[in-house]
């Protein structure tokens, strides 16, 4: 009897999941013995993208470093909901100092580990978008510039969520926040503002820069793994929907992250020493509306007085990303 | 004062001896004070040196201070009643009050190829104890021996001969400890020449 | 063996002998000579086992120090003035986390107006940040206080700042004796952290503490800091046994039987001692090497017999008056002594022997106000006050 090789399409994707994959291709989250670096019992909101991402990232980092890892956390949601004294959700050594200094503190930790003969222990610094692109940018840039041996992870929910949803340098155009209300002739966050943190990181020509979302788990874990295989300054920017701040359903967190990538507004890429080395192609693109509609922070663009002009401008931004990074996959 | 020819005689300093050095930024006034204090220390004294902490940009007037004593120096103020004034840049003489607080028995050492009268300081010569106010062409000596117009170390040699407050031997040790051998050697030749020139004049 | 050297160099050499493992550094006048010297020693290998990190701000310097100390490295940095303020948030963080960082503060005025010269405004502005504060009277003290600082910091798990008058001490050449390396190694054992970031035993450092526990945490920090009041002299005595150099938290000079006592911190004490030596006696000087925690009992004991206590301040609290005076008054509560505040030497104005003697003459004649500024140009001030302000 002859056998026939059955080709599984979409291998490595969510369609197959982990069950049919060889062990070494499976995600760490499918491993019953994973560290659970961010253990249950923390106080995050239902559907919190950041809690999800932090667990994904740290478990992958623990796997990549065989547990030899120290985490440094900036002030923000993640730090607040994970360490209500006398409890802590962290199952890795963890240090929280201030809002702006996670990158500098991590630099110091890395130096100490080296000087005490323990530099097989790796350092991961993490913070939200506010603590990274705004108040923390000087420290982060310094760490990049010195090429200190730190992986910095930014969990980007696109505003200062812990303090009540105020606008940050990562808030996208037109989004409503408490300091960019959906009122007036130009509701929401102004166009022409904001920092592209991935490109800022790339401009420092550090060994590794990547963007990821909570929707692409294999992709996210692979990027953490890649980052941990390198020494020097590395940066990972993860889009993490925030149901509270975005006005979305808690159950939509992963779906929205996927839509952000599919519409082109949040490109998934990797870069080394300032050059893009890989992108995740958009297999089935969607118009930006499909991503924006489920979020109340964009509600003012729809409804009784739809703003076609704004939607058009946002679509143009998405199209620009698609062109710039060549995100539309070509058929093999 | 030094007995003839003995470059190593160390006087007892019963009272604190204060030196004020005037120069322009970049001329080594601060280094001169520091070296002077190291030399005095090597001679076995207590010594203190510090700059006037002015703007210190190139060309701006600066002052530095050195105190020499035989008990520990606790005082921390600028030298307002100097026992000696060293002027590295003669152009300061009529622009800055370089002689402020100087008593008639104080020493004056001015870096200039011209004499005191030519510098418009005849009055000073009259008021001062004979032989205690002199000029030395240290810039010329420095150009000759070091190849650069940096007169500060050369002036220290002149100071040693004029006042006897530090020995030439200790100046040499201080300079060698601070500068690379060739530069130290060249500067010390200039210092020795200045020392000899001043001793010659004082014995004229 | 003594040698003649610049204060900054003496400090750098001393710090190097204390075997720091991580030194983050950001330049600011007048501390630069210190960090430059340490950096050069690391680069040429004479200070081994140390990472010198040129950070991008003082805030980054203290932040990197926090990370390094938490990860088990003996950590040192230096700053002054604006730099100290720029890292203010991190100072509170370091002490709150119980990290034994040692830092030199090359005391300098705080702007505006910008001023690069010596006074105590910088360190005084941070007197309540939870750090131990030590003040050096001369460069030999600067040396001793740094060594004791490392030992005290690690003993209490509390950060220590060593205040050294900027320019006046840092840039002064004077004779000092660097302690013998073997003596320091015996005095300062390797850093054994109270808590350590390590995967072998994961801990969470920097949790959020709510109203139900915050007060107790802070009370315990205060209690810990207070151990230095007596603890400093114990460790200083040990240092003296090892090196022969004497330092104490509070020192008295001719205080026995003195009717007038001057209290001072830092290098100005030297000038004041010269000033009182030239007078007929009856005036003593109390110098504080330890300012935080405040050694109230020791101050009270030394000053107990005086009628008049004059605190010569190198900083002041606008709208309030003296800074150290407030602590001194507190220490003397219940005693009949009158306390006067004399603010002297702000922004680097020299405090002269003559001015101190005039001040004492005023004091003895009953002319010294409760709060006065030494050598204030009253003509300038009166002219300014008389000038009408335009709308």
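In this document, chain identifiers A, B and C correspond to the written order of the chains, with residue numbering beginning at 1 in each.
By definition in this document, contacts are C-beta pairs under 8 Å (C-beta built on N, C-alpha and C of every residue); 3 or more make two chains touch, one makes a residue touch a chain.
None of these values were measured; they are calculated from a predicted model.
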(message) Looking at contacts between chains, which pair has the highest count of C-beta pairs?
(response) A-C
(request) Would you identify the chain whose C-alpha centroid lies closest to the centroid of all protein C-alpha atoms displayed? (result) C
(message) So the centre of each chain is just the mean of its C-alpha atoms; given that, what is the distance between chain A and chain C in Å?
(response) 45
(message) I'd like to verify one number: the distance from the centre of chain A to the centre of chain B, where each centre is the average of its C-alpha atoms, in whole angstrom.
(response) 67
(message) Distance between chain B and chain C based on Cα centroids, please, to the nearest Å.
(response) 35
(request) Flag every residue of chain A that touches chain C in the complex, lowest number first. (result) 67-70, 72-73, 79-80, 83-86, 88, 90-98, 100-101, 104-116, 118, 121, 138-139, 141-142, 145-146, 148
(message) Please output the residues of chain C touching chain A within their complex, sorted ascending.
(response) 21-22, 24, 49-51, 53-57, 59-61, 63-73, 75, 89-90, 93, 97, 197-199, 201-210, 213
(message) Quick check on the complex: what are the chain B residues that touch chain C?
(response) 33-34, 37-38, 41-42, 46-51, 53, 73-78, 80
(request) Going by the contact rule at the top, pick out the chain C residues touching chain B in the complex. (result) 2-4, 6, 116-117, 138, 167-168, 171-175, 267-271, 273-274, 348, 350-353
